[in-house]
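The following pair of complexes shares a single chain, subunit A, combined with subunit B in the former and subunit C in the latter.
Let's turn to the complex of A and B:
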């Protein structure tokens, strides 16, 4: 059972390039990031663990409040903790700048 | 009076004892004849070494004769320890830790079969052996005994000397199970005239490889947190002497010293003197010349030959084998180290922490002792003095107590909570106080994957709570943080994010580990480390 969640945040900054971090393995997640043109950030989460929508929203909201970057992000999650997700997001951003 | 009672007890078993020896098959008979209802019995259930032959023999006595014993045991770790309560042989217990049996212990307490005196820290329990909990009978474990009753305990001396001292010099009876009888002990750890009876166990004592962490299982978040600790705490405060708890997060720190720490130029400057079991993950740091000394609570399976070959670093006997001692090591960790760092399952907004969760009475082992500020300390070091901002003529420093936690547990449960489960657990079990592992007012630093809260720098309680919330991620506590206040706290140096410390998240990956597998630890040791089978994947 895979749950798909989508989120969107306003964005004012650009990134240079695509990034790919993490792997789809137990307790981990893979993040694909690419620059977006339209001044907003859109995120699609596909997760094997259902029922954590509010936690995802809190992690992403916090990340984009600190980093308002115009990107399209795809997250393939296999039970990563919020700590792992936050780290992968920051790593993807560091690689894309 | 006590001496006469002891002589009477020994007279009751004289017919089955020859030259201080009990036949293996007679162990239960002897215990049943010696023990009296209500006796205080100290059973050596160490963190690692277990007097398991004697505990099995004790669990087999007839409760019609031997019942309502008061059990003194540092670690309730084996099924037969619980059987003592189930069978009514013991009905009162004082202990420190019950990790593997925590669920069953809680059940026994709930059923009214056993009354818990208190959950102690190790040093506290040992101290009481010399005050109001002196054992009538001690059941201990050793590797060898000679004809005079001298004992050799191997690398896992642990608490045998403490238990024997408290018992023997107050006319209690010391019974030792040994793996074998020898002509001459490899080393005398316990003098023979402290020991009354010796029995050869049916099989060698059980021992648990408790301190082996497979580097294979260390993840990037743990490496990030390790980098934060090295930069934001060890380097900043010049931490020279320290203790690490058991865990993958502290193993990660040990494994990045020779890589990340080396690059920062910290070798010889920090982490030189350790109070620690022989963690295999410390091997690369030792081999790279970081470590001057290590004193150990106990041994670790597979580390025997390595320790013997590194007697410049470890405390060893003339035979080369490790001499550990839990009481001295706990005293060393309390008074002589700059820093303790460990982990927990739950932390509240005031940084009180506990590993006690509902339905389990787990206890805490050494953490409450090591993770506390000894107010009797009178020698100073840079790290100790840096914990005070006072410029008064008369001032004292403070121990650095670090809690290292991810904001969420693997199961998605928040680590930061409104109220510790320990509060309700304590109430339910009828304890006068909630079983808190480390009190928040002893904690100087909290590290999460979000950053470091330098709690000792907070000006008041509100600022302290705000600093903790700032690094508590998206837990209920963390969501209370206000972004402008967090920025102020970063500017004031009360909170640091990775970028504030120059820690790059992209570097936080497994290539930073000096060894990435148990096999690489063996290679670092030059083949001297001999890991238990379950850690061998090759």
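Let's turn to the complex of A and C:
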């Protein structure tokens, strides 16, 4: 079973370019980040580990509170821990700035 | 050969391996992750797909000559080859052959790290491997086709067959080349045949050093980017197009049938 989760956050900053980081491997995830035109960030998570919607929300909420970037993010997850997801998000943003 | 402060090839992902093999700054990916050409078959089977299907195709230069590197990522589903990844590899090989015919030869490197055909895409993977083998045989008539087997998985299954068709096979000590993996052998033939938890045994049988000793690999290299790069350049420096592969002489099945019938006392 795959669970698909979608989130949206307000955003005020732009990014320079798209970025691709990570890998769909055990305990890891792949992130595709693209600049979005409007003032909001949208995230789609596809994960093989179901039932962790609130955890995803907590990680993403914290990330976008610190970095209100207008981006479209796609995450393909293979059981990454919240810490790994947070680091991957930071890495993607760093490559996109 | 001992290399101090080696820059590991095996520790890199597929994209970084392709980048490492191409001349600095020349890497340009074809059908990259943002094309989102991922497997349409995995999600329906409960497996999360990857945006590049685990296969990276990159153009660039090697030794300032046009080149193409294909790299598979052993971390995503064991580097397995499905319809998309397989078609990317076969397509790259076919384009390289067409490049040669148009007068702009392309140096082709297959940096494979794969357990073989992806079970979730069974027949499509098998078809892809057939296309890859076909394309390697066509290309190696005119250009060297160089395999670099230096990842954590190595190369198994159908892609091991494809690898064997390459004109140069560069292998690292940590990589493996085999048809059935140790788990499959243990399951099918029992613990006496192969203990899949015995890592030294696995490397004694299918490890890079053994495969080189047996003549299945042309060159053994340390897990070091510079060493692998120079082995690849050497392979292209000596471009000796290989003769056409001879078709194996299969016995005529009709003769076998007739012999079988005679054994049963029936005159065919």
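Note that the second predicted complex is superposed on the first by the 97 of 97 C-alpha atoms of A that agree within 3 Å, B and C clash if a C-alpha of one lies under 4 Å from a C-alpha of the other, contacts with A are read in each partner's own complex, and residues count from 1 in each chain.
We take it that a contact is a pair of C-beta atoms (placed from the backbone, for glycine too) under 8 Å apart; a residue touches a chain by one contact, two chains touch by 3 or more.
As the structure is a computational prediction, the values presented were derived from the model and not from experiment.
Peer 1: If you stack the two complexes on chain A, which partner ends up touching A:84: first (subunit B), second (subunit C), both, or neither?
Peer 2: After superposing on A, A:84 lies in contact with subunit B but is clear of subunit C.
Peer 1: Let me test your reading of the model: by the given contact rule, A:20 touches which partner, first (subunit B), second (subunit C), both or neither?
Peer 2: Touch status of A:20: second partner only.
Peer 1: Which partner does A:5 reach: the first (subunit B), the second (subunit C), both, or neither?
Peer 2: neither
Peer 1: With both complexes superposed on chain A, which partner does A:95 reach: first (subunit B), second (subunit C), both or neither?
Peer 2: first
Peer 1: Applying the touch criterion given at the start, work out whether A:76 contacts subunit B, subunit C, both or neither, answering first, second, both or neither.
Peer 2: Second partner only.
Peer 1: Does any part of subunit A touch subunit B in one structure and subunit C in the other, and if so which residues?
Peer 2: On subunit A, the residues that contact subunit B in one structure and subunit C in the other are 28.
Peer 1: Write out the stretch or stretches of subunit A touching subunit C in their complex.
Peer 2: For subunit A paired with subunit C, touching residues are 1-2, 18, 20, 23-26, 28, 30, 32, 34, 46-48, 74, 76-78.
Peer 1: Quick one: in the complex, what on subunit C touches subunit A?
Peer 2: Residue list for subunit C touching subunit A: 13, 32-34, 43, 46-51, 54, 73, 75-77.
Peer 1: Can you list the subunit B residues touching subunit A in their complex?
Peer 2: It comes out as residues 219-221, 224, 406-410, 412, 448-450, 473-474, 479, 483, 504-506, 508.
Peer 1: What residues of subunit A sit close enough to touch subunit B in their complex?
Peer 2: 27-28, 49, 52, 55, 58-59, 62, 65, 81-84, 86-87, 90-91, 94-95
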